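Common to both upcoming complexes is subunit A, partnered first by subunit B, then by subunit C.
Moving on, here comes the complex of A and B:
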């Protein structure tokens, strides 16, 4: 069952008098529970595609269906509801609210859902346990390390038990140890809760965790392969160049 | 609720800038209340004083009398009927006879209004009883400022010249029996109070009066041949002055409010510009753009709530203190020609405080909303990049 279904998608941005085509001819299906990543050079369209899947943007042509709903046809309110309940975002720059404590940052989306305080507390503590930050509930983001901030962001994305988590270069600002820690955490959540993850990344460390790797180039899908295919091709390339 | 909590955290988190805005706004707020309170306090005191000293519960004017037109004074008098005399005896009315005259203190000519009053009247605060214990015939009491202006002291004699009922000039030395102190300039400026019987005799108009002042126990009913003037009518000029003072005060606190509002507007514009990424994050977390507009509007508007709290923190003690000691305007204020007590006690009404509060809250919310509206035109992806403009 595919949770994300992208058909002949094209995305253009107005630039000056004309248009810049950031994505074209994109056809991708992502099944529930996948741990997939978009890779490709800078400017290849990874963020643009993630934004459309996250209903923060709409396609120019073609369709993007998320959980059976066409992104282009959602009202503001419906797309806000979709993001609030079903899609978690993780950003390269963490994007935590600086005036809120860790607890409050994680709690935020639940407040929009009008959940009771008791339930909220339970869910927040559970999410912080997943990322191993139960001892930092009352800290402000400014007091945390980058790795800790990103773990808070993961807890914030996970607390509402979303179907999909979209992570745009989540490790770009982290050192190797923190990157591995974060990826292991996300992989675990993916296995245990069946949450679908879609990454965008340049990071080799991330790629080795992905089950599926979709390579973009100049706004087009260059390759769409499994971890095994990817690894084999990599090895053979290394072999060839030797 | 989430907006309020967030607003509070963001405001307090913004530190100095917030407190700067809040202090200016609270200052506008406190000044607005203070100024209105002063004016209202003055208004109430001055109305009371003017009533006590001059106009009582209203006045009955002889039909041709017009206090604003001295040319009417010559003929504005008529006999006091038996009915009226009975009312005077019961303390419901007191008669005053008015006559234009000249006096010559130290040889200078100065016009003066002679007013004949009943030495035994109890309606006005004028110390008319001082006219009772005088031995030598023609005596008068005058106010202190009048005495200073004319250079007169108690016991001085001053030459007064007037026309009698036939228009014939007559002159006599009048003895200053007493000098009284009042906060109501209109009751003393250019005026001299004599026993009404003496004045009637001087002019040759026995038992006549120009106007009748009504006391507390007067029924204020119509009296044939006399025009009743209400206190509102008699205080008309004063009310107009109060209104203009109030408007002046509004302009002053309005300017201050405007400065505070501009500062909030500026803060809002800046914070919306600087916090694009945060705005994008709210949207990614599932807020609609109008909800984010709401957050920023509440946040800006909350300046006014903080201002009210801060204003109350220093305003209430200040007001209580002023209420105790009153505020002195010094003697210079006596030149205003209108009743000003030496010490004014401000008067604060709940309605005035609430409407000031409402004005501040609503205007702060509006200036916060105006820049926040821009958020609803932002594309969330641009906001997340934080790269607008």
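Moving on, here comes the complex of A and C:
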């Protein structure tokens, strides 16, 4: 079952007197529970596509459906509701609220859902258990390492049990060990909870974990392949180079 | 959510400390200035009421027109009858007779020749009646510098300044030269039993205080009085009450066609009191208005700076699915909480400072030696119920208004650029 369905999508931005086409002729379907990534150089359109999937932006032409809802047809309130209940976000720079504790940062999304205090506590502790941070409940972000901050950000994205998690360069600010730890955590959550993950990345380490790799170039889908197809093609390229 | 916001306010000092300091300071200044000005004006009104105007005053229409010249030839006749009538018809008001007179004080030497002379400003009040409140009302007993209060007819108090200048000692005799009610020459000798200083230059310069009966006898004003003053028995001055009393009395007894008919005036319409009171009210209103505008601008800027500092926080909250309207609402709630805290602190400080000045005051008598106005020598503040909201409400409004203006920027935020913005 497709949780994300994109048909003939085009996105243009006004530049001076004309328009810059950031995305064109995009046709992608992402099934529930996929662990997929958008890869490509800077300016290839990864973040723009992530924005549209996350209902932060709308397509100029074509359609983008998320959980059966057309993004272009959602009101501002409906798109905020979609993000609040069904989509989790993980940012490159964590973006935790500095004055609040780990618990409170994770709890925030649930406050917006007006969940009871007992339910909130249970959900937050569960999310922190997933990322292995139950011992840091009362710590402030400034007391955590970069890896720990990103794990809090994952817990914040996961606490509301979203159907989709969108992660924009989640390992860009992390060292190798922390990057692998984060990715293993997200992969585990993907398997155990069936949450769909869509990454935007150009980090080789991330690509190893992806089930599906969608390569973008100049706003177009260059390749859409599985991890196996990606690995074979890469190996053959290495072989040819040698 | 409120608990969540409160935690943020308490933990993030830069979010709360500066606005709280700004509001506290503004609220404090507004309350302090308002309380102090009100205190000074109240003291002034009170002093004028006690010494010259009463809460209401009755004079003949002709006397009132020339009051500054103290025209005792136009004084109110049949004064005792009027007193009786007033005490019967308006029993909740204390009525007293007063006579003002001018003249010369002559100080004789041992041989009875003139040793010194100076201008006299005489005040005749009821000193000897059994239930008289006049010495207490005019603070005469407490203002005695030397000697004692007069205890019998023919005794007087004179200004301590005059006594010092002309070497008048207790027990000395002084003679007042002037004119009677009918224009003939008057001279009357009094024994000085004490010297007095009110601390108000206008009253102290050449003052001589005698009993009203002595003055009536000396000035040929038996059963006559310059004026009859009325003081509300159970309360301080009440303009509405004074208005209705005045309307009732003038309706019954005053006649435009008879210049010797009595006319009642209320406190605020005598001299420049009304103008001064109105000016005082206006100044308080202007001060509060300026405070709201200035504080709103300062807090708007503080809100803008806070908005910039919390730019990524709002971005994350938008990305997490919080609606712009909800973020705006939380900005306003935070402003109300901070405004409330600042206003409470400012109100406590302001009322506290006013209370201190109400009890102690600041003595400006040294600077007021040549002031020709009836001004209190010690400036005191007054704590009134309105001090609890005169700064509090503007403090709350300014903070909310400032942040409402600054927070409006949230509606201009584009969600499409959030990922880019939050990468930094």
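Assume the second predicted complex is superposed on the first by the 242 of 242 C-alpha atoms of A that agree within 3 Å, B and C clash if a C-alpha of one lies under 4 Å from a C-alpha of the other, contacts with A are read in each partner's own complex, and residues count from 1 in each chain.
Here is the rule we use: a contact is a pair of C-beta atoms (placed from the backbone, for glycine too) under 8 Å apart; a residue touches a chain by one contact, two chains touch by 3 or more.
Everything numeric in this text was worked out from a predicted model, so none of it was measured.
Annotation: superposed three-chain arrangement on subunit A; subunit B versus subunit C shows a clash.
Once chain A of one complex is fitted onto chain A of the other, the partner contacts of A:112 extend to both subunit B and subunit C. Contacts of A:97 after superposition on the shared chain: both subunit B and subunit C are touched. Residue contacts after overlaying the shared chain place A:83 against subunit B and subunit C alike.
The larger set of touched subunit A residues comes from C, when the choice is between subunit B and subunit C.
Shared contact residues of subunit A, touching subunit B in one structure and subunit C in the other: 51, 54, 56-57, 76-77, 80-85, 89, 91, 93, 95, 97, 99-100, 108-109, 111-112, 156. Against subunit B, in their complex, subunit A makes its touches with residues 51, 54, 56-57, 76-77, 80-85, 89, 91, 93, 95, 97-100, 108-109, 111-112, 156. Contact residues on subunit B toward subunit A in their complex (touch as defined above): 2, 6, 9-10, 12-13, 277-278, 280-281, 283-289, 291, 379-381, 384.
Listed in rising order, the residues of subunit A touching subunit C in the complex are 47, 50-51, 54, 56-57, 76-77, 79-85, 87, 89, 91-93, 95, 97, 99-100, 104, 108-109, 111-112, 156, 168-169. On subunit C, the positions that touch subunit A within their shared complex are 1, 4, 7-8, 11-12, 15, 312-313, 315-324, 326, 415-416, 418-420, 422-424.
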